[in-house]
Structure formats: C-alpha cells, structure tokens
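Please find one structure pasted underneath; my questions will follow.
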Amino acid sequence: MGIKLSSSNYGKSRVRLVRITRGEEAHHLKDISVDIQFEGDFEEAHTHGDNRKVLPTDTMKNTVYALAGQQPVGEIEEFGLRLTEHFLATNPQVRNVRVAMSERLWARILVEGQPHPWAFVGGRPEKRTALVAATRAGHSTQAGIEDLLVLKSYESAFEGYIQDRYTTLKETRDRILATVVKANWSYSLRDVAFGRCWEGVRGVLLQTFAEHRSESVQHTLFAMAGAVLDAFGAVEVIRLSMPNKHHLPVDLTPFGMENHNEVFVATDEPYGLIEAVVRRD
Amino acid sequence: MGIKLSSSNYGKSRVRLVRITRGEEAHHLKDISVDIQFEGDFEEAHTHGDNRKVLPTDTMKNTVYALAGQQPVGEIEEFGLRLTEHFLATNPQVRNVRVAMSERLWARILVEGQPHPWAFVGGRPEKRTALVAATRAGHSTQAGIEDLLVLKSYESAFEGYIQDRYTTLKETRDRILATVVKANWSYSLRDVAFGRCWEGVRGVLLQTFAEHRSESVQHTLFAMAGAVLDAFGAVEVIRLSMPNKHHLPVDLTPFGMENHNEVFVATDEPYGLIEAVVRRD
Amino acid sequence: MGIKLSSSNYGKSRVRLVRITRGEEAHHLKDISVDIQFEGDFEEAHTHGDNRKVLPTDTMKNTVYALAGQQPVGEIEEFGLRLTEHFLATNPQVRNVRVAMSERLWARILVEGQPHPWAFVGGRPEKRTALVAATRAGHSTQAGIEDLLVLKSYESAFEGYIQDRYTTLKETRDRILATVVKANWSYSLRDVAFGRCWEGVRGVLLQTFAEHRSESVQHTLFAMAGAVLDAFGAVEVIRLSMPNKHHLPVDLTPFGMENHNEVFVATDEPYGLIEAVVRRD
Amino acid sequence: MGIKLSSSNYGKSRVRLVRITRGEEAHHLKDISVDIQFEGDFEEAHTHGDNRKVLPTDTMKNTVYALAGQQPVGEIEEFGLRLTEHFLATNPQVRNVRVAMSERLWARILVEGQPHPWAFVGGRPEKRTALVAATRAGHSTQAGIEDLLVLKSYESAFEGYIQDRYTTLKETRDRILATVVKANWSYSLRDVAFGRCWEGVRGVLLQTFAEHRSESVQHTLFAMAGAVLDAFGAVEVIRLSMPNKHHLPVDLTPFGMENHNEVFVATDEPYGLIEAVVRRD
C-alpha cells in the first residue's frame, strides 16, 4: 500500500470516580474524572487487526476503580502516578502512559457554622487538574487549574496598539478585564506537597490578577506567571491560557444618557485568546 | 382558513447585563441574564403581518440597559419589577409581562485575607434566579436557585418499594444521595428583604438536606420544602426539582476485592427526576 | 406543620435505547431517548418516607428495555403508548403517565450510490419527538420536531413597528430570517400513519418558511402553523417556538466599503423568542 | 526576576461570518466560524505592557469581515490563505499566522422536489474544517471533518486482547461499532480542488467504515486512513480521532428474555479514544 502508521495512541476517557473515605470524625469525598492514553507497540492492531498486545480500554477503566479500592485516592497527582506505574509494570508493549485528571471541588455544608461530617455542596466553580506522563525512564507531573473565572473593574487599560485600515477599537485607560484562567505548571521536584502547593499557586494567580495595573491581557498574564515562578521554587514552567471575556460598554447616548463605565454587555463570542509559556531563565 | 391564534407570546432572551457600581470604598458587581416575554393584543402581527402594535425585541433589550443606566440594579426581584412596570406603562397592547432573571454569583478576591475592592472571582457555582409576572391588576414575584449541587454519603436509604417482574435494583440502607437542586418560591408579601431572604432559604435547604434521614429523594425533598415554609412566613409556596444524580457502587469482586461503599461511578444519564410543589395548608 | 403536598411527579429521564432489527435484507436502527413521569398517590412517600407505592425509576428504565426486547420499537408514538399502557395496567397508584421521546435520525451510508444494509451515518440534524400522556380515561398523542434550523436570505422584512425612546433598530425590507424551529402538534385521531404524517408536517413547515413573504417572525410562524392545519386534517392544534437567530449586517463603511447585505455576523445571544399556539376555529 | 517568556500566541476566536452571495438564479450561503492566532515578536507586550507591536484581536475580527466584503469567501481553505497573506503582509512583527475555520453545512429547502433559490435548512450534521498555517517561508493547508457520526451493526468484532486481573470485558464477534469521526489531512500540492476533494475524502471514509470487517477501532481507523491515501494522491498525511461510542447490550435475562443483540444502551461516558496519524511510506 505504501502507507505506514506514523503515530498512534489510545485509551479511556471520562472515567468518573467518586471515592468516599469514611473516617471516624468525618467522611472525605474525592470526585474526579480520569483520562488514560497509551502509546507503544500497537502497529499490528492497526494493520492486521491483531489484538494480542491491546489492553482493552474497558480494563483501563476497571483498573481506575480497582486502584481506588485499594487505598484512598489522595492527591490526584499521586493517584495519577500510581496508575502510570501500574500500567507500565504490567504492559511491556506500552512505551508511555499519560493520565489526565480533573477534580470537582466540593465544600462541606455548614450547619450552624460547623462543617457537616458527611454532607457536601458544590464548592468553588473551578476544576483542579493534573497530568502525569510516564515512560520507563521516568515521569513528569503537571498540576493545573481550569475554569477560574476572574474580573476586575478598575486598573485595566488597552492603548498604544497598532492602528491600521481595519481598526475601529477605541483606546481606553479604563475597561473591564475578565477572563477564565486555564493554567498548568510543571514541577521540577519529585517531592511536592501537591495540595498545599496547588492552593498556593491559585492564591498567587488571583492576588496578582487583582493587584496588577494591566496594560493588556498579555501584560497581566505574564505578571501572573512570573509571580507563581517567584513564589514557588518547585515550579519550573507555567502555561497560561486566558480568553478575553469581552464586556462592551453599552452606548446609552441614543437614550439621552451617558454611560459612566457602569453598564456593560457581557459577550461569549467572538473572544480574544491569549496564551503563553513562562519559565525560569 | 378556519384556524385561529389560540395564544402567543414573544420577547427577548439572554440579555446579558453586567452593572458596575463604583462606590468610594469598593466597586459592586451585578451580573445577570434577563429574559422578557409579552402577551397581549398581537393577533394582527401574526395574521396580517401588521407590526403597529409590536415593540421590537431589540427595544426590550435596549430598555434593560437604559434602566440599568438610571440606577443600580439592586436585588433582581426589584429590577424585574421596574422592567415590568415600564413595559406595562408604555405598551397598552400588552396584557402581561414576564421577566425572568438569572444571576451569576461573584466573590471578591481575597488579598492577604482582605476582600479586594474591585477584583472578583467566580463564587458559588449555583445561580440565583427570579421571575416577576405582572399585569395591570398586579404582579407576583418568585425567587429561586438553580444548579445547587449537593451530596451526602450517609443517612440515605431506599427500600420497601414495589417489586415487579422488571425490578433489578437492590434495596439499601446506605447509598450516596446526590442532586442538583432547582427551587423557586413565591412570596405572599410585597415587602420582602429579597437578598437576605434568598440567603436564608438557601441555608435552610442545605441544612435540611444535610440533617435529614432520607428514605428517598421524595422524602428529603418534602422535608426541605417544609423547612423553608416553616422558617419563612413570607414564602407561600415552594417548588423543588431534584434530579437523582446516581452514584453506583462499583462491583470489585471480580478483582478479588470488596467495595465497602467507598468506590462509586458517577453517572449523568439516565437519571431520576423528582419534583413537587409544597404549600401552606 | 400546616403544610401540604400540592402536586408531585417523578420518573426517569434520558433512558437511551438503541434498537437494531436484523432483517434479511437490511438492519433497521432506532435511536431514542425516553423520559417517563408519573403522577398519582405518592403522598406517603413524601411525608413519611413510605415507599410501598413507589415504582423505582430504575424499574421504569428496565421496562423500556424489556418492552424493546419484546418487539421492534416501531414509530415512537406507538412505543410511547405501549409504555403508558404497561405502567397504568400494573400500577394502580398511578393517575397519569407521560412518556416523552426524542429520536436521533440516521441515514444509511451510500456505497456506490446504494444504501448500505447495516452501516449508518448521522442524518438530518433535527430531532423527531413525541409525547404520550395517558390516564385510565384515555390518552393524547403529540408529535414534534426540534432543532430544525432554517434560514432565508430574501423576502423577509421587519418594519412599521412601535418606535419609542429606546428604539434604535432600523426598519428593513431585506433581512436574513433564521430560526431553529421547535414544533409539536396534537392529533385528534387515534389512527394516524405517524411516520408519514411527521414527514408531511416537516415538509409543509419547510416549504411554507421558504415561500412566505415574511413581515416578521410572528407572521411567518402563523403561516407555517396554518399551512400544517390546512394540509393535515388529523392535526388539531400546533405549537411553534421560533427563536430569532439574529444575523446582523456588518458595518463596512469604516473600511471604505459598502455592505450590500452580503456580510453578516451570526449571533446566539441575545435572541428574540416568538411562540404561538394555533388551532382550528 | 530570572524568568522569561518561552513562547506565546494570541488572536481572536469564534469570529462568526455568514456570507450571502446573491446570484441571479440563486443565493449562495457560507456560514463559518474563524479562529486566528499570531506568533511573533510580542515580548515587550508581555514584559513591559508595551502594545506598539500588538494588532488588537478586534482588528483581526474586522479583517475577517472586510475580506469577506471584498469577494465571496470561496472554499474555506482559500479564504484562510487570503487571511494569512493579509496578516503577514501588513504585520512585520508576526512570524506565523494560523487560521482555523469551521463551516456549518446548509442544504437548500426542497419545494416540490426543487431546491429553493434562497431558503436553506440545516444539512449534514458534521462540520467541514480547515487550518492554514503560514510564515513568510510558505504555508501549509489542512482540511478536515468533525462530528461525523457513524454506526455499523454488523461485521465488527473485538477479541483476542490481553486478559489481566482487571479484565471483565467479554470477547465478541458481533458488536455495534459507533464513533464520531474527527479527521484532518494535509495536502502536498498547492493546487487542489478543495471542495471536490473534501467530498471525496468524506465519501471514502464512510464507504471504508461501512465495508470494513472490523477487528477493533484501531483496525478500522487504519483502513479508513489508508483508503484515503490510496484514493487521493494530493493527500500526504491523515490524522483520525475516533472515540468509541459504546453501545452496551442490555441483559434481559432477569426478565426471562434473551437479547439477540438487538437492545442496546447508548452511553456517552466513559468512552474509548483511538487516534492515529497515517502517512505515505
């Protein structure tokens, strides 16, 4: 045929796991979705329909539940590592395994100010994510955050940009800046307090967003990334993706009114998309 | 033709308004989506293409922004009332107006423990809703909540139900109970502290869910509704819609393990849907 | 407590069924999602946690698959009727049953111009729907269509409407008219060729949309409804819901160009929503 | 700070364009969504808030509409190329431009069997896509298809795979194979009849899926890719992403029935995901 398999990967996505740990004082709840992908020696499966080296994706799914049955999930970065180690140990045909996880964040219901031991309410709307990529030579761990919605109504400008024949945007020293932060960062160390570090990075991203005097999304993105690298020596590189959720001031002059930067229409599309990778020099 | 217009309604949906109020100490942020619907004397528009009595939906949208320009939005129930009053006052052909609103809940970013004056982060994941329905004879106000995700890992049972030839479900004294509460309630009074009352209802719904010894979703739903009516004299009737977000225990016995009610697969479909209206006797 | 259960309903939603019928010449494929809702004597379940009259929603789901195992699904209106009959016959505590169905439409893959006997491709993007509502006194059947996307680029106007202080919309004799039709209609007869009739109604809706000289969405909606009632004596009443999917002409004058009604931005929100019920006089 | 911008990109997404071309006989309709991304010399924007080299994403959006005003869109691959050429010619600071497009496919409404000249209905549910990536050294063009839903109810098997301690899946010679094909392919030639070629690739993908005796998704994916490379000399490499949309046979034995491979539950999650890149040797 003169054709060849250049690369391939396969696995199971959206394996949804809820793990309850029933402590004496309180129950603990972990709610995650797991995606697994293998690369390796799967050429015969493609070219000849020979499945002898194929671990079914159904078995990958079962493995997630079986490992969650052996012990509590713990931090998702650790659970991801246990999964990759299992798959590499038992599947010589696999060259690398990627396990991506997304965690829903629950909070305890407060009853008369006290956190309830076994009743939960949806907590922060963002997701905590992690990605463990492993080969027999080693592994890398990324932590991340998705759907972190932020908005500031002051100290955001956009001016001094290129003007060409298709420019209609007006320069401004005072606009709403809103975005849904997606971030992920790689750890250079093996031994990280993943939960505490994740909370710390989240806090620094938020604080920097709040305090930055923004000249553009690019400008604020870089400041946020830099602040994380400054604050956390274990973080080697950070990637930020920040869509510009445009809030357009409404023209009230046809109604004989002025808009003192108070009335906006929020729009979902079109949207600017600003992305960068920032690392230590 | 021998056909007639039996009923009709029209309006504008998804009018997205962000209103910033720039106080001296801090900015305030209101983020809502508004749906407006008219009923009235619109037969000629349908039957003859005569638009003389039609207020364009584009003008409805403009009116939302114009009214938001005149003064801060305030509680959504109040903003809805201002809108219905405006439309009824200026449109004699309109018999009734319904304004439905959905509010996104933001929180202030904390910087060193202090709420920031003009920087916000996505807060609770649920939505606050309101519906004002008005005619020239008066109006009614409903408040509501949507997407209130809750889960309890203890004190939830389901047993003693009908068994027929198609039954395979096993009875249990210990299951996860999870749902996404959608609630709305009507006020019998005109003069309600809408914001405070909404927070109160939300708190009672959560506390009752947490503390109830549940024999079924129906059982817990009724307890939640009753607790709201007990606690808030201004609430006349409450409607609850609670999908049963099934969490199925995973059978680990094929792997030589037991599942002590700790490992679950979360599913989105199919789902039970339990709804009721509860009122004062 | 002084409170009472005013009304209640419960059931199973999103029961997804794919039924293959393996004929000698070809396979037939039915792909539906079923929602079931009961009303009846369920007060004790709510007030006392007594489940003795509760048929679990899990059993409702099983019943869908069991009935699909007994014979091919046939037209969804017929399958819905079989389900309601089963539930009423076996559940004396149930007063009424509603079965709502949504069918995905597949087409056969063409191989050298010939329809393949057992390979299918996603067909028309719209959904066919049906709703059977039954009590022991009888039943009613609605058929419907959802997500029927249509657009016309000529013979659509909107002018002569109310102008007030908040009007900014310009009158036009030539605009794009686009909508996503949602329709459902009730049959007055018991004995209808449901599949043929559904195709017929769909055809009349499309043809009327295409040929109508539209003065507004209301005007075209009424014409479409009237044409269906004219053409199909078995249809008693029809409801149409038509969001106005606005296509806004782009102002090209800042670029020294004119827009001869050729360049549009398609928007999803805000949107007009026009609805009506039309019946025989 | 000891940190540096490692890479960055920015642009506008979801620029929705509907272009009507009003021919004498008929109108032509093009409905696309455009995403634009720049890479280049944008370090100062990030590090110093200096926007002098920044073309606003708002201007990118305007450019899409302006170019669509100059002439009909034509094939999306051609429109993408015009956009990249414009941006590179006018923005020396830009090193590369990527324009990704997604086209909604409309069909003409049939009136008495004849295609209507200016009224359209949503056509095939899949999307046609294209990606043009350009630098000053040249450009590459990918065409693609998304959301191509296919299902076969015969000649699909999965057996002979690895069995381990977590295996529960049963081997089968007869299962439903369903997927939502996402494909994209690169052209080695400059001068391609893009529309005709796209239709041809779509046809070969469908025919091969229909006729293949499948031993796994991998096996069928490779056959589909190979058939495209065989049939179209202009195609250099093709990437296929095929989620396994599992259809699980329902166990009817608890109801005293057998399931002769006729009754299935369709599931969205979890799902297998199989991907490969296939090229000429």
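Each chain gets a letter, A, B, C and D, in the order it is written, and its residues are counted from 1.
Criterion: a residue touches a chain if its C-beta (ideal position, glycine included) is under 8 Å from a C-beta of that chain, and two chains touch if they have at least 3 such contacts.
Values in this document were obtained by computation on a predicted structure and should not be read as measured data.
Trainee: Do subunit B and subunit D face each other with the same patch, meaning over half of the contact numbers show up on both, or with different patches?
Mentor: The interface of subunit B with subunit D is built from mostly shared positions.
Trainee: Farthest chain from subunit D, going by the mean of C-alpha atoms per chain?
Mentor: Greatest centre separation from subunit D goes to chain B.
Trainee: In whole angstrom, how far does the Cα centroid of subunit A sit from the Cα centroid of subunit B?
Mentor: Comparing mean C-alpha positions, subunit B is 29 Å from subunit A.
Trainee: Could you work out how far the Cα centre of subunit A sits from that of subunit C, in whole Å?
Mentor: 37
Trainee: Between subunit B and subunit C, what is the gap in Å from one C-alpha centre to the other?
Mentor: 24
Trainee: Please list all residues of subunit D that touch 2 or more other chains.
Mentor: 16, 62, 66, 166, 168, 254-255, 268-269
Trainee: Going by the contact rule set out above, which residues of subunit A touch subunit C in the complex?
Mentor: 165-166, 168, 254-256, 268-269
Trainee: Going by the contact rule set out above, which residues of subunit C touch subunit D in the complex?
Mentor: It comes out as residues 16-22, 27, 29, 31, 62, 65-66, 68-70, 106, 109-112, 116-126, 147-155, 176, 206-207, 209-211, 247, 250, 252, 254-255, 257, 259-267.
Trainee: Which residues, counting only subunit C, touch subunit B once they are in their complex?
Mentor: Residues of subunit C touching subunit B: 1-16, 35, 37, 42, 45-59, 61-63, 66, 90-91, 158-162, 164, 166-169, 214-219, 221-222, 225-226, 229-230, 237, 243-244, 268-281.
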